[in-house]
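Some structures to go through are shown next.
Below, chain A partners chain B and then partners chain C, in two separate complexes.
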Partner chain A sequence: MDLTDVLKAIINGLVYGSVYAIIAQGYYITFITTKTMNFGQGDFVMLGSLIGLSTFTAITAAGMGVWIAFIASLLLVIVVVGISGWALEQVAIRPLRSWHSIGWILSTVAVAMIVRNVAMLIWGRDVLMAPSPFGRAILDLGILKIRYHEIFVLVGAAVIMLLLYVFLKKSLFGKALEAVAFNKDAASLMGINPRLMASIAFIIAGTLAGVGGVLVGPMVHPGAFIGLFLGLKAFAVAIIGGIENPRGIFIGGLLLGVSENLFALYSTSMKEAAAFFLILVILAVLPQGLFGKRVKEKF
Partner chain B sequence: MTKAKWWIYQIGIPLVLLYAFPWVFNNAHTIHVAQSFLITYIVIVGLNLLVGLSKQLSLGHVGFYAIGAYLSVILTMKVGLNFFVSVIIAALVAALFGAVVALLSLRAKGPYLAMVTIAFGELVGIIANRWVDVTGGPAGVRTSQPSLFGFELGPIEYMWFIGLLAVIITAGATNIFRGRFGRTMTAFGNSEVASEVLGINVRGWKILAFSISAFLAGVGGGLFAFQNQFISSTTFELNLSILFLIAVIIGGSGTKIGPIIGTAIIVGLPQFLHNFVDYHLMIFGGILLVALILLPDGIVGAFTNLSFIKKLSSKKVTTELGILHDDREATIDLPDGINGKLLELENISMHFGGIKAIDDVEIEVWGGIVHGIIGPNGSGKSTTVNVLSGVYMPTGGNLLWKGKNITKYAPHGIAQEGITRTFQNLQLFEDMSVLQNVMVGFHLHFKTGFLKNVLYLGQVSDEERYYAQKAYDLLRIVGLEEKAHEKASDLPYGEQRLVEIARGLALKPSLLILDEPAAGASPKEIEKIMDVIQRLKNAGLSIILVEHHMDIVMNVCDYITVLDFGKKICEGTPETIQNDPRVIEAYLGGEEVNQLVAGTKSIS
Partner chain C sequence: MLQVQNLSVSYGRASALHNVTMEVNEGEIVAVIGPNGAGKTTLLKAITGLLKAKEGTIRYKDNMITGTPAHKILGVGISHVPQGRQVFGDQSVEDNLILGAFSIKKEKQKIQELIEREYERFPRLKERRWQHAGTLSGGEQQMLAVSRALMSDPDFVILDEPSMGLSPIFVKQIFDTLLELKKSGKTVMVVEQLAMAALAISDRAYVLQVGEVKLHGQSQDLLRDDGLVKTYLGAASPN
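After this line comes the complex of A and B, so read on.
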């Protein structure tokens, strides 16, 4: 193993980690507003990558440019998966808002099963190849080679994170969302509709999953059954970073991505185990994740 | 239920049905499905104890299942043990892992707890998949035909054998449900802090609950390995953990019959759906979603919520426990009154970051009196109570109980010393009846151990009856005997406070801390609460009373400490306090405020 391998692993890790982080922000937004999450977030990512793939191929096959195809597929994915997020909130979260913690896990899993089945009927059981707007072009830096798509993902993820951050911290809507997170009843008295906020949170979460899917598609082989793995990784990231801390999630994502790829230098089984091992160690010491805040309960 | 009836319903009828099954459905496929049902059922019974009673989520049960399966195969094939011995040893190892998972996740809650269990399950899955030399990986590993005493078990015999185990396990689980173990698990599932102040070591109990549950999952896994004499790592995936959880929730978590129905659904449904293999997930997901929305408490839960069934069961409880209501006066069992110095707070401080919630406070509490702690909002009363009961560990100073340093004690340790409390924000065990709430209070006085409870020996039922009567008597003291079988959370606010007092009394405390017992109660209820406190005082109980209502404080307390901004500003008898200018200033504002009100001074 030489330095190039390590460098390559780190860059690879940053690329994957930033995608995990984007997907995981979806968990953050819905968790702070409703104390629930979409356990099938990974299947929304899968949906995003497959819709993206089909649209992209269809448009390029019609002879139009790759960038038109890419933007069109991104927009379509945002609309479709965003609507799916809204629908999920309507059927799986809203009807059972009032009960104890286990119901929503299973109801969102149920929706994920349906989504997976639909995807299987449309795209089949096998994995597919997703083309990137950059094709297979590679940037050769001498000591290491990087695919343009990977650079694009890294930059894209940073931009999305920045937009999200500005949106949540600076816009009136972001403040309203935070108000609901802080105290639902008080927010409601101030004229904020928590139900509307919940719907919007799930739409944003869905959109993030979809965009994450479009970005990650060309790096993995998308298929109807890849959702579980991606969703689990993103969930791990959210937990490592601390689910109520968006910056923590971003750092958690990069941390997981990099350590995973460094472990992979030793063996692929270590790569698979890395995320879960990391989680057990971190949570045993810091039960609120790396950057989660501790709240002293009052009695 | 009488003994004979119990034997018939719990053991006799199931065994007869089991024995008859192969004669009615004698084909290999049905027998195989029946085996799968029984194996899964054992796992679900265990998960139901964990999820349904103690409200601890596990999405990693597949890990325990896999440990049971692989280890029993290894022990049989490589060590040469009998299959059943292997299964039991493997299940014990799974239980050990259950304890480890519980330890790792003790402080984790909600999604964090879910993630710890998922991580454990996934790690086991990865090991099964990758450690091919031992597990065979996805290609799988074979094992021998199960045999007992040299007699090989064919499919039908094996089904009978699993069935016998399932019946025994069900009986054990039902016994846990109706005894003090089930009650304690439900209690800390409802409120950890209230369980702690009643002397329940919640950490230890969580570990126990996880271990039992993991043990049963391990048994299930071991039996599964010998069902087809073949296992492969593809079985042990997260999906299976989710499926287990689905069975618990759809059946009705925390109910006794729920696991049977839940298991029947997750095992039976795929049998009907195998013709629609392309739509399998969609149909299953759809049914799950509809069931969750329409039957939030599961199928069994929905039935027991029907009002006439509720009435029936509460009647049954009274007769079963043989509770007497005669004319003799209910008495309170209390330790001998202590007249000396009971509790000393030596320079106690509790700082949260920069906020000094209480700062350098010294209080001495004497036995046999009612000691009031008052102060305006934010003066540190609640923090003081939390420190006294061990819920917070003070950042400075010492807490001496009869001269013994108890500063570092956990709440259950402090409860063992004879101090308990009620809560300003009510912490009742909501899933339980009023009577059961009070019975949890006797936790430290119960003597029977786990095995005796699993077998529900005569001693256990005697003990249950004894304390049910005691609990009922305590309810008579607070005047709630008629509501003994109502759900605690259905009572009005003031009565819920009385339940908390009765529950605290069950501990037979030397010192009872009442944290704002009259907050939110109606004037009539306040009168009742005051009367109860007065009677406890007359019975010689030492009480610390934290309260806002001045009429209660001034009438009931013998001695009062006044806090303001985390500091003790004065103490003394009610008369002294009422006339102390510092108190008046703290409550009404000082001379300056008077002048402001009178208009003789203005804010410049």
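After this line comes the complex of A and C, so read on.
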């Protein structure tokens, strides 16, 4: 193992980590507004990458350019998975929320299984190849070679999260969402419709999953089963970063990505253990996650 | 302006309001007083749609608003300052005010003017405009809760125990604000534990006890009634 390997592992880690972070922002946004989340978020990512892959392939096969194909597949994924997010909230979250229960955990997992099985019917059980609009082009920096797609993912994910962050913190809508999260009744007295906000939160979460899927597709071999590991990693990121802190999630994502790739230098089997090792260490020291809210007095 | 007729509300099987009939006329300050657990908050919450009425009707300006969800109540012109202030603690004072204007969606310019008006009303809020609302003192939070509710320029303001936990100076400031609101043509309904102080500033009052209206009338008359405090408000009533 030399320095190049370490550098390569770090960059790889940042790329994967930023995808985990995007997916995990979906947990964040629904959690703060409804105190619930989609435990099938990973399968929405899978749906995004497979729909993206099929659309991309179909359009390029029809002779159109890769960028038209990429943008069209991205838009289609945003619409389809965004609507799936909305539908999930209607079907699996809303009816169960009035009970004082954690029934929504089971119901979102159930929806995830259905999504996975439908995906298996459509795309089969095998892993597929997802082409990138950059093809296999590589940026050669001498000691280091990086695929253009990876740079694209890293930059794209950072931009998406920055936009999301600014949108949530600065726009009136974002303030309203935060108000609902803080106190639903008081927010409704301001004329904010909490149900609408919940729907929108799940649409955004679905969209993030879909976009994450399109980005990650060419880096993994997508198939109906990839949702489980992506969803779990993203969930780990949300816990590490502090589920109510979008910046923490971003940093937590990068941290997990980098550390699992560094672990992998020693042994590939260690790679999967990295996430859980990291969670244990961080939660032992900081039970609220890296950047979780410290307990604050309200009155 | 507001007519509540035969209103009953229950939490599960426990009844909290029973057959309450009351009204508020335009331009009045109406006080609702009564001991802890009398159902005062329940009454307000039912009016503004935070709770469902089991029976009875609520009319506002000739419109039936029974069952109107809370987020649509501001739209008809009623603003509710909830018990315990309930400011958005994670957000700045100014953001709280901006959220108060959520329903009017007017131009930025107009909202800025409204914010300035509230800062004039409570200069302390201006000093603390970027501070998280959760870090304000109780009195400042109450000012913020009142200002936030006034950002939408409501015709009718409902306040639930605005004096709760405040020192006398703050209480006076809040009560003065209610009188100002009345002067500016708004209608006010206020729930209070400080029965005497509330009677002193209100035109009419309702005494609520175990979910029923026990007594109502001109505040001045009730104020002269020595038996009132002893009979209905219990020994705990201050002032």
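By definition in this document, the second predicted complex is superposed on the first by the 293 of 299 C-alpha atoms of A that agree within 3 Å, B and C clash if a C-alpha of one lies under 4 Å from a C-alpha of the other, contacts with A are read in each partner's own complex, and residues count from 1 in each chain.
Here is the rule we use: a contact is a pair of C-beta atoms (placed from the backbone, for glycine too) under 8 Å apart; a residue touches a chain by one contact, two chains touch by 3 or more.
Keep in mind that this is a model prediction, so the values were computed, not measured.
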Q: Identify the partner contact of A:V109: answer first if only chain B is touched, second if only chain C is, both if each is, neither if none is.
A: first
Q.
On the A-aligned overlay, A:F167 touches which partner chain: chain B = first, chain C = second, or both, or neither?
A. neither
Q) So, A:Y266: does it touch chain B (first), chain C (second), both, or neither? A) neither
Q) Once the shared chain is lined up, is A:M190 touching chain B (first), chain C (second), both, or neither of them? A) second
Q | Per-residue touch tally on chain A - higher for chain B or for chain C | A | B
**Q.** Residues of chain A that lie at the interface with chain B and also at the interface with chain C
**A.** 296-299
Q: Using the touch definition up top, name the residues of chain B that touch chain A in the complex.
A: 51, 55, 57, 59, 104-112, 114-116, 118-120, 122-123, 126-127, 129-130, 193, 238-239, 242, 245-246, 249, 253, 278-282, 284-286, 288-289, 292-293, 296, 352, 382, 386, 391-392, 423-425, 427
(Q) Under the definition above, what is the set of chain A residues touching chain B in their complex? (A) 31, 35, 37, 91-92, 95-96, 99-103, 105-107, 109-114, 116-118, 120-121, 228, 232, 235-236, 238-239, 243, 269, 272-273, 275-277, 279-280, 283-284, 287-289, 296-299
Q) Given the complex with chain C, which residues does chain A contribute to the contact? A) 172, 175-176, 178-179, 182-183, 185-194, 296-299
Q: Would you tell me which residues of chain C are touching chain A in their complex?
A: 48-50, 69-75, 79-80, 82, 84, 86-91, 95, 98-100, 102-103, 134, 138, 148-149, 152
